[in-house]
Amino acid sequence: MRRLSKNGQRGRKTRTSQDGGADLNHEISCVLQGQCRTGRKGKGWKTCESPQAYHPQSSSEAIAILVLANHILANEHFLDGFGHVSIRDPEQPGNFFLSRSLAPELVTADDILRLTLEGDVVGEDTRRPYLEKFIHAEVYRARPDVQAVIHGHPLSVIAMSAINVPVVPVFHMAGALGSGVPVFDAYDPENGTLTRTSEEGRRLADCLGQHTALLMRNHGAVIAAGNMAEAVMTALALRDNCTIQMQCLSAGVAPSALSPALARAAAALNFSQNPLFRAWNYWISRLPQPQ
Amino acid sequence: MRRLSKNGQRGRKTRTSQDGGADLNHEISCVLQGQCRTGRKGKGWKTCESPQAYHPQSSSEAIAILVLANHILANEHFLDGFGHVSIRDPEQPGNFFLSRSLAPELVTADDILRLTLEGDVVGEDTRRPYLEKFIHAEVYRARPDVQAVIHGHPLSVIAMSAINVPVVPVFHMAGALGSGVPVFDAYDPENGTLTRTSEEGRRLADCLGQHTALLMRNHGAVIAAGNMAEAVMTALALRDNCTIQMQCLSAGVAPSALSPALARAAAALNFSQNPLFRAWNYWISRLPQPQ
Amino acid sequence: MRRLSKNGQRGRKTRTSQDGGADLNHEISCVLQGQCRTGRKGKGWKTCESPQAYHPQSSSEAIAILVLANHILANEHFLDGFGHVSIRDPEQPGNFFLSRSLAPELVTADDILRLTLEGDVVGEDTRRPYLEKFIHAEVYRARPDVQAVIHGHPLSVIAMSAINVPVVPVFHMAGALGSGVPVFDAYDPENGTLTRTSEEGRRLADCLGQHTALLMRNHGAVIAAGNMAEAVMTALALRDNCTIQMQCLSAGVAPSALSPALARAAAALNFSQNPLFRAWNYWISRLPQPQ
Amino acid sequence: MRRLSKNGQRGRKTRTSQDGGADLNHEISCVLQGQCRTGRKGKGWKTCESPQAYHPQSSSEAIAILVLANHILANEHFLDGFGHVSIRDPEQPGNFFLSRSLAPELVTADDILRLTLEGDVVGEDTRRPYLEKFIHAEVYRARPDVQAVIHGHPLSVIAMSAINVPVVPVFHMAGALGSGVPVFDAYDPENGTLTRTSEEGRRLADCLGQHTALLMRNHGAVIAAGNMAEAVMTALALRDNCTIQMQCLSAGVAPSALSPALARAAAALNFSQNPLFRAWNYWISRLPQPQ
């Protein structure tokens, strides 16, 4: 991986910026150094207590957050060589950012593409995005409230998707699952559970509705949230919730779940500023140091 | 994380000391260097064979032990970005120490707050403690014998809390669970399973009674013990006990448990000086070295 | 492990080359440096975006790929101290390469032996190959389409082999299992489930038929694929598929599986160039750096 | 941990040697450097292809092997802060070596005590051995063929010990379990499942009989073997066998097991020189480097 230079300068401009002059890596440094303390691990990554930590005000801040999210989701074992995460462009809400087809833990700012809600790459960039870009495009189109989308394949999530039992929130971190977790399986047979068309993406977004998470039968999960920290927190909670629920089912017991009131209250607390900052900075502090 | 300087000196005084002059990091060094040998890993952390290793005689020793316990519980995967551990002040038993709201593996002596049994931060410190501080405050109030309290969320513990099966001690390390492990679920619905009031804290302490551990339904566990080494040992044993018990239930068998006599004898042996020292120094030797 | 020198030169010739002059480590360097970018981890290992990455054109390229595959399969926990991987020689399809009897994560190019389809080591090399070399020899003999064979013992695979339930593809990465996964148990009693004769190897190859994977009852698995990247991808997918399927069975539910059409489409997509390259380079990027 | 000096010399004599002059650390170096190649990891630990690797000819070689076994069993997660391993003295078969009470991964040659079959420490050494030394003493007394004994507490082993289902060999590495794995539970109630008397040790040795492994109900396992490599291999196989067997039981199926003939053949093959060397050197190559 190319290392970010110390002063954030690079020889060439990034291809993802439309405005012609921004050095995005410089922006990443700035965003992440404002009001920061250095994490215990991860000399190259910075924690941040500014409101911009996961609420981008600009395209370049969004890209910085997206690069971090790729590394966090790989490091926390939600993504491996496959799976992907995207962020809506706060400057042009009809666009979103997504890496070129690459294992998430290898993603740098240079790998980020700008896409439209049709799933087209903007500009002359010829690098390939992920085949499943339509998941992201159609969720952003259907849900103006969504700023971040994650798609991954933890084993416990796939297991839950393969048995005919609804996900229920079995612990407080999963409050956001309290409204229900639909299961999508209206696949185009020729695409092998991959969402490779706008039409299939639209069916998936319809299935998601106003929920935060959706299972894809025999495949994985999609998380759609109001900011990247909520999305990551929900992704990890969904995975752990499926682990716990599967364990309870194995013990022969349908587990108790949070009541709707408890789930709503838990979600509101989890998504308030203090827990999100604590979690976001914790994840960053655990990142391996870039070499 | 700020690194402890070699001679234990720092420029500014810590905010947690009430007596106006103690350099707590100096005390940490002293406590931990007395009669010590260096662990294999963890150059920055010291093992200690003095009785002060987990029996603090002073506020500053208590803080040193609390910082270590934060790192041990994170490193042994009992705590992650959430959960917390506290210690009673041996000099002022109506106070206890708890970190500001921060992921445990990032906690340093500078992050430690002093709280009263009402859950108020002492002095002019405006940093936020954990929302669930009332768990600690009310357990210390109800149980003068308790010197250390841990609250965490291992998945196996949550799974056991969600099925209607009592925890029984299935192995010798869990002797302290022999008197029973009550399950708390008298939550205020508006707080989403978090204990955010003295009243809920009091209900939880009532539910704990004279036991060493309690499950919080769909949430986690609370451990309350006579010193920090007993608390950590019981936390890890509770987690492993839940793992084993869930596995046996999955195999379709209610496992054999320690008889009350065996459990009492096991607890007495586990909590004798030699095993506690062995375990405490082992946990320290495994800590990653501060950078 | 001896480290590859920077310029790929070594004092002595390798014993695996038949043509008398090639320095195979030089070739490894060349293969792996052509059109490469350095992975984040693994300074000593190179990712490669050339078609030669896992499609060897020469004996020496095949050996380079085989060394990488040994390290990848150990690092991804498919192999441990036992198990093995081989590759057919593209220059002499009646030969294949296999390490001398050695834990896979310790294998270097110097450890690679050349074997015939009778399982004999070619040349004067007296070092011992793995006892189970006949698995490889007989699969290559029966299946001209197979270029790479893996044999390993993940616990979930052994568990599935020990219960009377067929493996079905429960997620998209396991599309190649859609044609079925036969279970071999026609062991010679005197060899303790090890395949130590051509005859037993032939029975095993018969049992495999045209499938991509086979379970060995109470022992492990064999994967046979058209190139090394497909073989590694299928090995990891088989292991994870068994984990998921066992979890579903534990929950008391026979899981839904990919339909034959979905499985075929998933296999075709997984084995197309882009996913294979992404996965291959991801695995390489995760390798620990040689010391 | 004190580091072995480069030339194996140390200022003071070890307390474990009875002959007054041997520098055991020097011997460790010699044993481990004869006919060695350096492992990939673990610069400080040496692999060894001499027959002395796990067949000690002298007391000092036995101690060298015992130190290695402590680190291997910790590194492979069979032992943690508790559990222990011993070796019979080939020079004085009525004595055996065991560490003072210490977490296995911290053990050095200086920590090794010499004990009699009565469980008494030989000489003036006042350091405390493990309380459960009587397990080792009585197994060595009852079984002249046994040269190495391991006692540990993997969770899967405890789970199997707590359900009323016999261990059967479900994979080829567990061939040595084919004669049966008795379950001991004739505990003295006052010792909380710890074997703290010769009498209880004798009952345990009676229960073990001529088998290689025994479960202690609600506690752990004892492995007794003809050399240290066989003991370690059987310990790891027992743990994995219990994991697999529990998984099969959870799936609702009593798994198929190796037939007696297959188990005998598998044990004979596993315990032949080539697999033992491969495994022993693999375990050493994985040890973290002493600091």
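The letters A, B, C and D name the chains in turn, as written, and every chain counts its residues from 1.
Basically, a contact is a pair of C-beta atoms (placed from the backbone, for glycine too) under 8 Å apart; a residue touches a chain by one contact, two chains touch by 3 or more.
Only a predicted model underlies this, so the values are computations on that prediction, with no experimental measurement involved.
Chemist: With a Cα-based fit, what is the angle in degrees between chain C and its identical partner chain D, given to the nearest 5?
Modeler: The C-alpha superposition of chain C onto chain D needs 90 degrees.
Chemist: If every chain is reduced to the average of its C-alpha atoms, which one ends up farthest from chain D?
Modeler: A
Chemist: Since chain A and chain C are copies that touch, just let me know if over half of their interface numbering is common to both, same, or not, different.
Modeler: Both copies touch with mostly different residues.
Chemist: From the mean C-alpha coordinate of chain B to that of chain D, what's the distance rounded to whole Å?
Modeler: Going by mean C-alpha positions, chain B sits 33 Å from chain D.
Chemist: Using CA atom averages as chain centres, what separation in Å is found between chain B and chain C?
Modeler: 46
Chemist: Which residues belonging to chain B are in contact with no fewer than two other chains?
Modeler: 250, 252
Chemist: With chains as vertices and touches as edges, which is it: line, ring, star, complete or other?
Modeler: Ring.
Chemist: Every touching chain pair, please?
Modeler: Contact pairs between chains: A-B, A-C, B-D, C-D.
Chemist: In the complex formed with chain D, which residues of chain C make contact?
Modeler: 1, 80-82, 101-103, 105-106, 128, 131, 153, 155-156, 158-159, 162-165, 187, 189-194, 217-220, 246, 249-250, 252, 288, 290-291
Chemist: Touching residues of chain C toward chain A in the complex: what are they?
Modeler: Touch list, chain C to chain A: 38-41, 43, 169-173, 175, 240, 243-244, 247-248, 250-253, 255-259, 261-270, 274-275, 278-279, 281-283, 285.
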